[in-house]
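By written order: A, B, C and D. Residues from 1 in each chain.
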Amino acid sequence: MTSILVAQDAPPLLLHVLRLADTALVLGHRLSEWTGRAPMLEEELALANAALDYIGQARSLYDYAARLDGRGRTEDDLAYLRDTPDWRCWLIAELPNGDFAHSVLRQFLVAAALQPYWRALAASRDATLAAIAAKAEKEAAYHLRHAGEWVIRLGDGTDESHRRMTEALEDLWPYTGEMFEADAVEAALVAEGVAPDPLALRPAWEAMVARVLAEATLDLPAPCAWMQSGGRRGVHTEHLGHLLAVMQHLPRSYPGAVW
Amino acid sequence: MTSILVAQDAPPLLLHVLRLADTALVLGHRLSEWTGRAPMLEEELALANAALDYIGQARSLYDYAARLDGRGRTEDDLAYLRDTPDWRCWLIAELPNGDFAHSVLRQFLVAAALQPYWRALAASRDATLAAIAAKAEKEAAYHLRHAGEWVIRLGDGTDESHRRMTEALEDLWPYTGEMFEADAVEAALVAEGVAPDPLALRPAWEAMVARVLAEATLDLPAPCAWMQSGGRRGVHTEHLGHLLAVMQHLPRSYPGAVW
Amino acid sequence: AGAVARFEARVAAEDKIEPNDWMPAAYRRTLVRQISQHAHSEIIGMQPEGNWITRAPSLRRKAALLAKVQDEGGHGLYLYAAAETLGVSREELYAQLLSGKAKYSSIFNYPTLTWADIGAIGWLVDGAAIMNQIPLCRTSYGPYARAMIRVCKEESFHQRQGYEIMLTLSRGTAEQKAMAQDALDRWWWPSLMMFGPPDGESQHSDQSMRWKIKRFTNDDLRQQFVDATVPQGHHLGLTFPDPELRFDAEGGHWRFGAIDWAEFKAVLAGNGPCNRQRLKTRRNAHESGAWVREAALAHAAKRRARAAQPARAAE
Amino acid sequence: AGAVARFEARVAAEDKIEPNDWMPAAYRRTLVRQISQHAHSEIIGMQPEGNWITRAPSLRRKAALLAKVQDEGGHGLYLYAAAETLGVSREELYAQLLSGKAKYSSIFNYPTLTWADIGAIGWLVDGAAIMNQIPLCRTSYGPYARAMIRVCKEESFHQRQGYEIMLTLSRGTAEQKAMAQDALDRWWWPSLMMFGPPDGESQHSDQSMRWKIKRFTNDDLRQQFVDATVPQGHHLGLTFPDPELRFDAEGGHWRFGAIDWAEFKAVLAGNGPCNRQRLKTRRNAHESGAWVREAALAHAAKRRARAAQPARAAE
């Protein structure tokens, strides 16, 4: 049995760390897919940089999750030996890259949620989490600035770029609600002062998004529109399975091998 | 150790059957990728039909290979538990689908080689191979007619379709030489009357291709151009590994499970 | 009015209405809507299962799944042909699908996440479809009834295949069992929704019943489906995600809990997990294939012109 | 002629030539060609390794590979910048790459087929590149020499990483060892070809040596590489795919068999396994990104116009 399942009734802290790790890794993986395909070399390197930040965050988080799990698993076991239903990332992270408009808009929408989240988490009573968050916050702040500039540039660029950004916004918006959901797992951590309440961070996100979209001359979608959700329960989009098939191929093909 | 290696020094018949099987499966897999994506519904079904023919051929051939191997392996072990360097398909089979022009042109170029090959193989001294070939020949004849009509239609259609067919021809032509190579493995079988000499079938292929391209108003590329090769030695394109990662994901993830 | 009476008498006598027969405009409209929705559902329905063709876990399953998806395309084609007998063109109907104007079965807006979903779709979704479609084999409009006979035969084969996948998984490893249970958990309620809103809220039911386009109410069919399916699920050793599910020995029916109609309406309104994706996939295919269709037309025109040439020269 | 003599004297004295200094047109031309080819090689070289980023077998390897590929892009950028000091624009050079007019290192026209290829590229290809580049750190043109110092530092880190991958594989399972051997078998000869044609056939060598653009001949560098690499391969427990390879104790060199120059020429002429693919990938990226570059320019123009507005209003 090679599939490593972290049961839904595992301790909230472990589950939560895993969720954060999964989102970071999947985002990093998606960004890394731009290598060799970006519209300009500088952006290709910038996307790779962000991918490295996310993968680095994922590694710290998986490493912590493995220690919390305490059953001798490694960061790689968690990344490479869990199948789709055991993943806990946000759906927005797993969507295919789409065009550059989709990718920078996702990068912006997610960073605008993560940056305040990491900042709040840096005050966690859990010292390990606080340290990871403090580092991640700086990275997210940079991602936010960089992607935000692109959102403005493309929204307020040509007709074509404006049209593409509008389409990207329609496609991605339904996936933003999930970033502010808190289930029982998270509520428990909020109560203990281990994690911030994501809902409390939503107004900051909304203000940031409204400001940047306005400068980008893009219409702000209705914030109360119907939202997609499921990543935290392991109910994903059809895209994650394909990503994992590629990502996990080697460790799945050669069980036990060290690389 | 889950990778099932059929060593290069296995009996020629086993190696040859495996080569034929690998080409058929990979082509069938590529054609099946068109599902949901074809330019018109009728063609989507026609492509699925051809995919089913190829997958059916692959199953008969793997089944025979497994029996020749005699070590209790199944068709699925051979399809799902071998890694890239152990595959023996033609490179042309593993290239990504590209646009519809690329796909129908490949279908035509390959069927034009396979149909005479199967016909000759139907006279093999190996009764199993002869029976598989007799059935496959009918299927290939249909693929050839169907794809040939599309080559003509698109070559002699609009400027756009002509341009796309020309590009497809430039892209695919270097991969046609490999279909007529015979190494020591094949030479041994030719000598025994088990397999036909592919080189002897080349003139028929050339005549068919010349006739259809002429009707399609497409220029015949130089037949002696530099050709790509390597599939028979396990030296593939970069595309095969990605195809296998997806195709093999489930059996690799759940070793020993029955589906 | 005489025509209407004669029409209704023929329907009441279980006579089949044929394309050239007179029929009320509303009857025609209802049929076009229903048949084309059904055709669209077959076409869109190819996607969730198509998602697993490249990852099917054995060659036998791969071939069977591909054949099944191909059958669905075929169903779509002959249902479009049946709709065309009513005086609409397939292009027109297809354009309505791509523009989002026409509906298709909401069940196909849910994602297929594991291989077990392929089993669950065959077992539950095809099972529910058959329940809906068997009465349609006797529907009053001839071409539709005949199309449905063929569809039903293939669907029941698909349904058995799906159940067999579920059986294999539920007799398999612990992980495979968990996969099967998870698929049932996700597909059960949406399958019940496939029969449409409760009878009280169904818009088109009464007249469709009188015209014998429809022969059972949504709730009747839903109950038939539950009664047929629950014992099958128990045979698999799986648990239905409904704590209120229990056998009512007196009535002889399996009673089930309340359906979440808010979810049903959201998915119907375009907010299901995959609505955008399903339409985008088809639109992209259609748009990126435009050059192929244009080339085929251009070539056909060239052929016709060439064929006409010598004839003229001979004049 | 006085200028030429002064220039050659400076070069002979190991003075660095700087962008604003006078230089012979041929010197400038040679440098532009060499530096831009080098830049192109870095950019195209991102692809064979990039092919494994999504499939790297551990998170540590994934991060390291991504960082390495990113470094290559960075090298490309500062090499383009060095070329630009000679009065050509990066756009012009990049257009030459995309059109197929400019060359890049042929080694990147071979495919990466297994994870071991990532090890082999680091060990052999970066190893050969360093052998070529270390003397370039002292090349006569200042900006080029300084760029090379930075490049070499990073490349030698990459080379160690690659060797470490090979070491891990060759200490791993039987399948991993086979993978490592297979990679050496495929990459060994193309790595030797990286040093270019044999000295007798090299076109640009003599003048480049005199101008201290180049400091060793192709064959000298190739021999240095073989001497350094063969013991490393033996330490890995791998066999080189050359039956004639043997140590010449007298000369103190590893003697190797004949290189297949027909293959070298074919790949150089565009017929390698991946030439078309490599250029297509970059062309597609460039074309499908055109709207992004246009939008960025349009936005910048809008900003400038807006910035100018209040100023004018204030006039």
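By definition in this document, a contact is a pair of C-beta atoms (placed from the backbone, for glycine too) under 8 Å apart; a residue touches a chain by one contact, two chains touch by 3 or more.
The structure presented is a predicted model; accordingly, all values stated were derived computationally and were not measured.
Participant: What are the chains that subunit C and subunit D both touch?
Facilitator: A, B
Participant: Name the chain pair with more contacting C-beta pairs, choosing from A-D and B-D.
Facilitator: A-D
Participant: Based only on mean CA positions, could you tell me how far subunit A sits from subunit C in angstrom?
Facilitator: Centre separation, subunit A to subunit C: 36 Å.
Participant: Going through subunit B residue by residue, note those that touch at least 2 other chains and give them in order.
Facilitator: Counting only residues that touch two or more other chains, subunit B contributes 3, 83, 241, 245-246, 249, 254.
Participant: Considering subunit D alone, which of its residues make contact with at least two other chains?
Facilitator: 55, 173, 175
Participant: Quick check of your reading of the touch definition: is the inter-chain graph here a line, ring, star, complete or other?
Facilitator: Graph shape here is other: it fits none of the named patterns.
Participant: Please give all chain pairs that are in touch with each other.
Facilitator: Those chain pairs satisfying the definition are A-B, A-C, A-D, B-C, B-D.
Participant: Give every residue of subunit A touching subunit B within the complex, in rising order.
Facilitator: 2-3, 83, 241-242, 244-246, 248-249, 252-255
Participant: Which residues, counting only subunit A, touch subunit C once they are in their complex?
Facilitator: Within the complex, subunit A contacts subunit C at residues 1, 3, 5, 83-85, 171, 174, 226, 228, 230, 235-238, 240-241, 245.
Participant: In the complex of these two chains, what residues of subunit D are touching subunit A?
Facilitator: 43, 46-47, 50, 53-63, 66-67, 69-70, 73-74, 76-77, 115, 165, 168-169, 172-173, 175-176, 281-282, 284-286, 288-296, 298-299, 302
Participant: Quick one: in the complex, what on subunit B touches subunit C?
Facilitator: Where subunit B meets subunit C, its residues are 25, 29, 32-33, 35-45, 48-49, 51-52, 55-56, 58-59, 62, 75-76, 79-80, 99-100, 152-154, 156-158, 160-161, 164, 246-247, 249-251, 254, 256-259.
Participant: Which residues, counting only subunit D, touch subunit B once they are in their complex?
Facilitator: Residues 48, 51, 55, 111-114, 173-175, 179, 182, 186, 266, 269, 271, 273-274, 276-277 of subunit D touch subunit B in their complex.
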